[in-house]
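Starting off with a structure, shown below.
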Amino acid sequence: MRKTIIVEKEDVELKNPILIEGLPGLGMVGKITVKYLIKQLKAKKFAELYSPHFAYYVLVNDKGSIKLLNNEFYYWKNDAGGCDLILLTGDSQAQTIEGQYEVADSIIELASKKNVSMLITVGGYRRDVVDTPQVLASATSPEALKKALEAGSLINPPGNPVVGAAGLLLGLAKFKGIEGVCLLGETPGYIPDPKAAKSILVILMRMLNLKLDLTDIDKEIAKIVEMEEKMRKIEEQRKAAEREIRRIEEEKISYIG
Amino acid sequence: MRKTIIVEKEDVELKNPILIEGLPGLGMVGKITVKYLIKQLKAKKFAELYSPHFAYYVLVNDKGSIKLLNNEFYYWKNDAGGCDLILLTGDSQAQTIEGQYEVADSIIELASKKNVSMLITVGGYRRDVVDTPQVLASATSPEALKKALEAGSLINPPGNPVVGAAGLLLGLAKFKGIEGVCLLGETPGYIPDPKAAKSILVILMRMLNLKLDLTDIDKEIAKIVEMEEKMRKIEEQRKAAEREIRRIEEEKISYIG
Amino acid sequence: MRKTIIVEKEDVELKNPILIEGLPGLGMVGKITVKYLIKQLKAKKFAELYSPHFAYYVLVNDKGSIKLLNNEFYYWKNDAGGCDLILLTGDSQAQTIEGQYEVADSIIELASKKNVSMLITVGGYRRDVVDTPQVLASATSPEALKKALEAGSLINPPGNPVVGAAGLLLGLAKFKGIEGVCLLGETPGYIPDPKAAKSILVILMRMLNLKLDLTDIDKEIAKIVEMEEKMRKIEEQRKAAEREIRRIEEEKISYIG
Amino acid sequence: MRKTIIVEKEDVELKNPILIEGLPGLGMVGKITVKYLIKQLKAKKFAELYSPHFAYYVLVNDKGSIKLLNNEFYYWKNDAGGCDLILLTGDSQAQTIEGQYEVADSIIELASKKNVSMLITVGGYRRDVVDTPQVLASATSPEALKKALEAGSLINPPGNPVVGAAGLLLGLAKFKGIEGVCLLGETPGYIPDPKAAKSILVILMRMLNLKLDLTDIDKEIAKIVEMEEKMRKIEEQRKAAEREIRRIEEEKISYIG
């Protein structure tokens, strides 16, 4: 493989599809969001993207099966009459500057071919979060932004660029006349963050009039909270132990002194 | 996008145009200079350059609007009868060696197509500056250099290469038979430096017989001077505080001793 | 040379050939394994691969002869009636991401042209080894994996990607419908490790019903064991000397005290 | 410019030309050697090579004149009846792996077009040198090597690769059936080293039956020797000063004590 390629497994007809992209990135927020949509909507895979700009290794699963890194496109037919969805997630983003542009370009070409009416990119925004993470929106036009704001997101603070696929896809979309919105969930970003993903899912539900069961992501959040709680306790014990050691050493010194 | 492209919005006819380039670089001198020219001359945008060699992120402005990194070409019709101007500035330079050559190549192609009679590149030259920054000139021919020197610039010291677009554009211009001059304003280079930009504007006014109102750039310079003065005071207070702490500690030691 | 090229010296007809790849990598396990097969089977070279993605230097041998880095393909005709073999080893792997994909692509094209029925890639797996190194297998299909497990290898632990040619070749093989297995010998990896290579040779002998004389690799292992033993002794002497110095210094201190 | 190009200024007919390459590298040995040949033989420039893989800056000379980095080809007609010469030197080598291969490829294409009968590459070999630097030779064939050895060079020690153009050109030459020799002069390598260059010139004079006046390079060597002597003295004074400071401080301590 010398160029990015998209292998279409099925030639699906879609109605005004909206493409939602969530690839690995800060706090894995984008990937968690889109994988959750795929699972809840029982979306079907119809295309795979491969690129010589992904990392040069293969993944091995727990059955010893080898997988070349890729991005995958799923579709969901909206029987309620609204727009159909194309959901894009995957193992990796491109590793170089030119690779990022080439991969984004391939995705936009497919989107254009499928007459995508709107592109929504999803990711994380690094920030210490107190309670419920906010969702920060930017867009290719005031109209597109308005939809995201009406659904409860806040305007993205200026100055911070949107890095990687979530940004580039929207930047390149305008060459094909496709409107787009970027939704970033606030996240400290150092571990996978389903809480930020949930905040985005709530916005998407309102924007797209989607019905989603959020029970499973609540379970994921509970697990992470539990894990963080455990880590906090271990850290406390470690600190207490350190204090005790210091106390004993000080006693020794005063004893010797 | 897989190659650098220039999207022309308007097919303008220009009279012996001179292209002035000022892209982000040392002290932002080039960009400040050309942006000032665009504003003062009320130049109009007619083309945009995009490249997969720019950084892979998009900018977000204070209205949440997304912008793909680009370079922009403006034109100004010289009603006084002299040469028309093409003004080139933008968000970014290419991030790789090959990218630098490819982008410069695309710019030279447009310049050639528009029958550019002279190319002037503008940037910063790293140097501690006491008072008014000097402008250092180099050129593709002795005749071109002479014009810059007669306008008050000094000859560029040998040995220091001219890095990036300001240099490469001139190096590549000769393949199309276009003459060129590089004007570098002396600047410490660690913050945006309107003072160095002003020095270049003065040279350009003389070289091109341009009339420019410099009031606004003087205001910019005043702001920077004020900011630097504040920073100097804060630094002095910090040092005074440190001296006081040291004094008290020394007293303690001599007391204990 | 601007693209990876394969120069075929001889147009050999091969019977259901199996391609075994072993290029430089961790502990040189892959390269030692395949070079041993070439030598023992008296395989003949029939093609050379060159690439602008290899390092930009040439090798000099002990006769002052210059050699451009390459990968080499050998063949072995299986007179016992089983599959013929193509053996691939070389001086280098590609140095960049895109290069790794381009080189792997060229190899897969040749494999496809030669109707390769199975691809086996060989390398090292970083791990502290107590006694006999295990061989860890992954594959492109459960059937392919089964063959490797029946021959005595263990299933590759999930999570660790297979990096470089050993992984990418298998990932790309599926585009040509070629099945493949990856065999990694456990190795600490910091020096050439014939012991890990021998473990893989034993698995290959069973999988492919090959008869190999292992006397020479046992000699290689004995040499390495001897060398390691010497290094261990030198290290012990160094430590003993350090202890002695410390003892003397402590005596001095207590004497002075 | 998007690919390496060679601009031929003159279409010269040459008799069995031998190409001698010396580009910037260790101790500048190659470049000094070939520039000396060009000057002494009064060779004429006939072609220039430009590449997007050179560094992205332009040089400025002491007259403020701008120069794009390039490599230059000179020719010398051998009136004594032997082979004509093509001499290749320049400002830079390519900055990336693929660039090194692409540039070398372009040079070999020109060499092939000009029916070059032999390629000699020249450079430095890092080594502490006591007296006269040796010249270390490697070659594409035993016959080619023999000529270099008979002229007084030694066989290149195995194991050390020949990095950059000096190596790659020879590695790629064989694809066009061109024989080649690499001559490396021993040099500590940290400053321009005319002494190593002279050693190579002596070998070249014998190999090619060339008559060269070496007076000028002897002057260069004398200058370097003088400069090194000065640096040695400054270093000695610095050390003496340090010893004196230490002595005084020790006196202070013993006085206080």
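Should a chain be cited, it is by its letter among A, B, C and D, assigned in written order, with residues numbered from 1 in that chain.
Here is the rule we go by: a residue touches a chain if its C-beta (ideal position, glycine included) is under 8 Å from a C-beta of that chain, and two chains touch if they have at least 3 such contacts.
Being a predicted model, the structure only gives us computed values, none of them experimental.
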- Note on the structure: subunit B onto subunit D, same sequence, C-alpha superposition: rotation to the nearest 5 degrees is 90
- Task: Could you please state the distance in Å, as a whole number, between where the Cα atoms of subunit A are centred and where those of subunit C are centred?
- Result: 38
- Averaging C-alpha coordinates per chain, one finds the centres of subunit B and subunit C separated by a number of Å equal to 53
- Sequence positions of subunit B contacting 2 or more other chains: none
- Message: How are the chains arranged in terms of who touches whom: line, ring, star, complete or other?
- Response: ring
- Quick one: which chain pairs are touching? A-B, A-C, B-D, C-D
- Query: Mind pulling up the subunit A residues that touch subunit C in the complex?
  - Reply: 1-2, 52-69, 95-96, 99
- Message: Looking at the complex, which residues from subunit D come into contact with subunit C?
- Response: 97-98, 100-102, 105, 137-142, 145, 155-164, 167-168, 170-172, 174-175, 180, 182
